[in-house]
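The structures considered in this document are given below.
Here come two complexes built around chain A, the first alongside chain B, the second alongside chain C.
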Partner chain A sequence: MTRVVVTGLGVACPLGTDPETVAQAQRDGRSGAGPLADAFDTTHFEVQTACRVPDWDPSHLGRFAPALADSGDRKAEFGVHAAVQALRHAFGDDASAQAAIAALPGRAALHTASGLVSSLPAEGEADVLACLGPDRAFDFAASMESLKAANHLRARHFTDRVNQLLAWGYGFSGPSLVNHGACAAGAVAIGTAARWIRRGRCDLAVAGGFESMIHPFGVLSFQMLGALSERTDCDHTAVSRPFDSTRDGFVIGEGAGMLVLESEEHARARGATVLGVVHGLGSSLDSYRTTAPPPDGRGAVVAMRAALAEAKLQPADIDWVSAHGTGTPLNDSAETAAVRAVFGDRGVAPPLISSKSAIGHAVAAAGAVEAVLALLALRDGIIPPTLNLNSPDPECDLDHVPHEARRAPDARYVLSNSFGFGGVNGSLVLGRADT
Partner chain B sequence: MSARRIALRGIGVNSPAGAGLAAHEQWWGEGRPSCLGPTGKHAGDPYMAATQSGEVPGWRARNHVPDRKSIKLMFPRVQLGIGAALEAWDADGWTEDDAPEPPERRAMYAACGLTVDEDWTFRDAVHAGAVDGRFDMVRFGQEGQGLLNPLWLVKGLSNNVLAFVARYRTITGPNDNFMAGAVGGFHALDAAVGELEAGRADRALAGTSDSLVTIEDSLAFARDGALAAGLVPSQGAGFALLTPGEPGDFGILAVGTGFHAGRAEAPWQLPPGTSEALDALAQETRGDLVPALRIRGPRLADAGDIDLWTPLGDPGAAASGWMLAAAWLARTVDRVHGPIELAVADPTGELAVVILGTLP
Partner chain C sequence: MTGILGAGLATPLGLGRAATLAAWDGDAIAIAPHPASDALPSVAQVPGFRPRKQLPDRKAVKLMSREAQLLVYAAVEACGTDVAERLGVPPEQIGAFAAAGYEVTPLDEVVDMFDASRDPDAPARLSLPRLFAEGRHAYNPLSPLKTLPNMALFHAALSLGLRGPHLAIGSSPAAGLAALSGAVDAIGDGTCSHALVGGTDAQTELFRIHYLHEAGVDAAPGEGAAALLLAADAPVRVAAVGLAQEPPAGPEVRGDYGEGASAALRGALYRRLLDEAGLDRVDLVHGDFWGMPTGAHPGGANVRDAAERSALATLPGVVDTRIVATRPRLGHLGAAHGLVDVVLAAGAIEAGRASSALVTAGGSAGDLGAVVLVGASS
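Then we have the complex of A and B:
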């Protein structure tokens, strides 16, 4: 079977906007959390903490910046940034990447993932306030003028815009797709792109996810469901508490993670450095409830077992598990039950860590960002820590690597979980470069 | 050519021609008359810019959605998708009690369009949060946020068709949800074929649903000039049931996907050169096969042998689902037995070709 190797990494996440900065922060066990009020006025919001991409400056997007200017589309900016970074990582520079992709007509693919596109307040102004005349009567002519003026805002709703920009910029002409599988989307996009390569549909793919819901309506959508932590009795960096008995919801995050995937044959032929391997994907459906997993995590069990089967590995081969680990009471206990079902109890099961303790939950991009973090950790020979795990929940009794990264130079395989609303589950098996 | 044979066992479809396959067989037999009309439930809404649309006639969600209490959580595109998906799934007489495959070997791949109408859902909250015609975050926090429907995120989930159908038919296996405009349904088909070929599933649904009959779409099309250019927003869904097949079954002969990186003059138009790129992909996909019938997607200069879009309007992402249904009807009603070539392009640049026919 064709091995699918990783030859480029790109990332924008609360720990930084390049792989080496992010890797260092992960090794150091740093948190990317801060005040949500840095994003907008939160005086009357219950939620006060977010994990934002730090010091974000879209002007460095270069030739892509004009197309993204003024749309307020942070997620697309993150997506383009991470994809460009991954391509430069894989090929050295833009010109080399462009030449390599041009040499693959119809066989260089894009498989990204994104999520819900909730409106910005500016869209509310343009679509609603500017269209109302006296007595709130609808003024059609005014609406047309307003909507024309706000045309650039609507562009952010077309999530395939990142694929379009990359296709225009680099000449991709193979399969192109945007996954909308909720919080499992990023992981499933990477696994599916790997399958495209294994099936011979393409030789190279840029795969990953991008997301930002850190704006008023985006945050409110989760707050009103009770999914976000409303904790204000501690420092922002201590709010995200996966697997802790005091956990009360997740911290909203944002960012993008992108991988350049190639068939091993293609990568070797061009002398590329192999950074890791995508061994398997498992996807499943809970067939249960829209916003809650079944307590026994049975959907997650199916996904993890399917990923192991595609990777042709046994549970004992997995060195650590990167949990979905949101910090919501229901997710963490169900995921623990699922991991026990697949791997065994504490002492038998491999360590289970949650990167969301440091970077929050990047929603549709989570699985992609966490795949980048996992590959960097494998390279660095560490198991990343679960932060803020001060009073472990007895119901989640597994080895969670609290507070500090653990040395693991012999670790070869990671299983990375991503679960989403609608009961969708995705598990990826990733390997070190020599696996 | 597929490594394993994959058969198309059933179709579910909703369109302005009717709800369900039987209504479409009748419409097809009558020569496919136009089903477009004045907009229905939005007709009196001053926000609705379109004066003509293609709506599914007489649609009653409670007749198609098993769980009536959840209907309030479903946009029309979700209801239409669930109806078509369940019709396809049950087409070969499937019942849970007699199902030969375990739930984890049931797969589903769905495509969807943009979730819209949010700003209009927010109307009252945004208005309450305004000061002197401008959105004010503090005022919104005080006066506006309490007017929002707490379940709006749940209602807007793009994978809702997948989630509800999985629950109704205990589908727990491989799955995915895509957004690829008019092309999405063929990506779903491609993914389902891949799972069946790889032996990871024994039974799979693939299809798409969408509705452009919304206020926000209507205003956007008016702004972009699409309505003036003749675009009639429509709605519907089409899903196919796939299983491993035998020689002689009607099934999937080939699937090809690609991208044409052109720039269109307007968001709803296809980029220049799309037809040529699609023709090249079709040639590559069909190889030596000679199509007996060619069905083309909306907005293409080459209308193919059957025009679905003049009588039914433009259903956005549902287009590829309708094309699967049209191929099924050509086979069952018109007795077309040679290969049927389906080719579709989206303004975003995405391309796909599916060749259906008798499995060798």
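Then we have the complex of A and C:
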């Protein structure tokens, strides 16, 4: 079977905007959390913490920057940034990447992931307030004109914008789609793109996810669903507490992770450096509840077992598991139960760590960002830590590698979990370059 | 070869597959004045759709967007709610692959929140402190759930009890064919034995109407859903399916793909799929025609219809092929388009009016999909 190798990595996440900065922060066990008030006025709002991409300056996006300048679309900026970075990582520079993609007509693919696009306040003002009369009657005739006032912001609603820009910038002409599988989307996008390569639908793909929900209506939506931590009794860096008995919800994150995937044959033929391997994807549906997993994590069990089967590996081959690990009370206990069902109890099961303790939850991009982090950790011979695990929950009784990264120079395989609202599950098996 | 074991439709031509096919085979046109206001363009809405009476779980309806309601209807018609038991396979062996349109929050669910969040000193502006202190209490906390882009797939899977692999995509007209491609691959790889494939959209909501108007789309905003139950062997077979991306000439939102380049890329995809299907021609084409007048959009001449015509003209034996477009009669169905066309084309094959069909669909971001269907005897 065709081996699918990773030849380029790109990232924007709360730990940094390039793989080496992020890898160092991961080794150091740093947190990317800070005040949500840095993003917008949070007066009267319970949620006060977010994990934002630091020092973000979209002007470095070069030829892509003007096309994104007016829409306020951070997620698309992150997506383009990470994809361009991954392509330069894989090919050295833009011209080489363009030449390689031009040599693959119909066989260079894009499979990205993004999520819910809620409106900005300026859209609410133009689309609704401007059309409400004194009697609160909505003036439809006026709306056809007034809606134009926010038209420049409308581009951020098109989640296929990143694919379109990459196609313009590099000439991609193979399969192209945007995965909307909620918090599992990034992982499923990477795994599905790898399958495209294995099936011969393409030779190369840029796959990953991009997301930013850190704006008023984005954060409000999750808060109203009861998903976010409202903790204010500690430093921002101590709010995200996966697997801890005091966890009370996730911390909203943002960012993008992109991988350049190639058939091993294509990568070897051009002398590319192999950074890792995508061995398998498993996905499943809970068919249970909208925002809660079944307590036994049965859907997650199906996904993890399916990923292992596609990778042709046994549970004992997995060196550590990158958890979905959001820090919500329901997710972490259900995920621990599912990992125990697949791998066994503590002492048998591999370490189960949560990168969301450091970077928050990047929603549709989470699985992709965490895939980048996992591949960097495999390269660096470490198991990343779970931060803020001071009072372990008895229901989350596996080895969660608290506080500090652990040396693991022999680690070869990681299983990375991503589970989402709507009961969508995705598990990826990623391997070191020599697997 | 993977094929279509069941199909369901909810379209402006009729509620249900039989009603839609009968109307399609006649001369019906489903476009009518917008019920909310004469100031809005005419729309194409699904007739006689009463979700609380016609969907299996009436309590769940309030959690569903219009897109989700339509998809559940079509999915139940395609599969039946007892599909795993009827097929004798575990629910983990039935996947769900769906394309859903961008699910905007309906106007009536946000008006109170926005109105209560006005800045007292500048009433045309929103005040975030007012939003957090007061406005949000006028907003239904369940409303955000309706707009999550995988919720249509969730509700369809929950209604049928499916637990297999999934792919949630959208909101392009080509997305339904991408969902079909994912399902065909999953069954071919043995990842699942059966798959629900769905496409759904509701373009008739105010904000969507505005987008289509600004985009210069010359078809009425429409709504609808289509669903298929795929299996390894079935009367109408998916002989080949493929996806592609048109590289635009510039970075504009609604890109200019250039008639010649677009036609060449489309033609290459369609001919490759005919090749893979082992066909030297097809009897029927449901083409990617938008009815967008040349030069309609501000970023440059939109030539997609001309490119599609040029691409189809390169197909072998095309002079004897019946080429149809659904938008003039069903309106613009967004993410439902590709699969509605698939169900209509499959109906023609089942009725013996064609032995093979090519269905094509494209999105404004340049993503393309195409599928070749053949009858079991082909």
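Here is the rule we go by: the second predicted complex is superposed on the first by the 421 of 435 C-alpha atoms of A that agree within 3 Å, B and C clash if a C-alpha of one lies under 4 Å from a C-alpha of the other, contacts with A are read in each partner's own complex, and residues count from 1 in each chain.
By our rule, a contact is a pair of C-beta atoms (placed from the backbone, for glycine too) under 8 Å apart; a residue touches a chain by one contact, two chains touch by 3 or more.
All figures in this text were calculated on a predicted structure; none of them were measured in a lab.
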* Room on chain A for both chain B and chain C (clash or fit) -> clash
* To do: Using the touch definition from the top, say if A:Ala67 reaches chain B (first), chain C (second), both or neither.
  => second
* Which of the two partners, first being chain B and second being chain C, lies in contact with A:Gly299: first, second, both, or neither? -> both
* **First (chain B), second (chain C), both or neither touched by A:Trp168** => both
* Structure fact -> In chain A, both chain B and chain C touch residues 40-45, 106, 110, 115-118, 121, 124-125, 127-130, 132, 136, 138, 140, 143-144, 147-148, 151, 154, 157-161, 163-164, 167-168, 171-182, 185, 188, 192, 195, 199, 201, 216, 220-222, 224-225, 283-288, 290-291, 299, 302, 306, 310, 420-424
* Asked: Once bound in the complex, which stretches of chain B touch chain A?
  -> 46-47, 49, 73, 103-104, 108, 112, 114-116, 118-120, 122-123, 126-127, 129-130, 133-135, 137-138, 140-142, 145, 148, 150-154, 156-160, 162-163, 166-167, 170-181, 187, 191, 194, 200, 216, 219-220, 222-223, 257-261, 263, 267, 281, 284, 348-350
* Asked: Which chain A residues qualify as touching chain C in the complex?
  -> 40-45, 63-64, 66-67, 105-106, 109-110, 115-118, 121, 124-125, 127-130, 132, 136, 138, 140-141, 143-144, 147-148, 151, 154-155, 157-161, 163-165, 167-169, 171-182, 185, 188, 192, 195-196, 199, 201, 216, 220-222, 224-225, 282-288, 290-291, 299, 302, 306, 310, 420-424
* Any idea which chain A residues touch chain B in the complex? -> 40-45, 106, 110, 115-119, 121-125, 127-132, 136-138, 140, 143-144, 147-148, 151, 154, 157-161, 163-164, 167-168, 171-182, 185, 188, 192, 195, 199, 201, 216-217, 220-222, 224-225, 283-288, 290-291, 298-299, 302, 306, 310, 420-424
* Give every residue of chain C touching chain A within the complex, in rising order. => 36-37, 39-40, 63, 91-92, 96, 100, 102, 107, 110-111, 114-115, 117-118, 123-126, 128-129, 131-133, 136, 139, 141, 144-145, 147-151, 153-154, 157-158, 161-172, 175, 178, 181-182, 185, 188-189, 191, 206-207, 210-211, 213-214, 242-253, 255, 265, 268-269, 272, 363-367
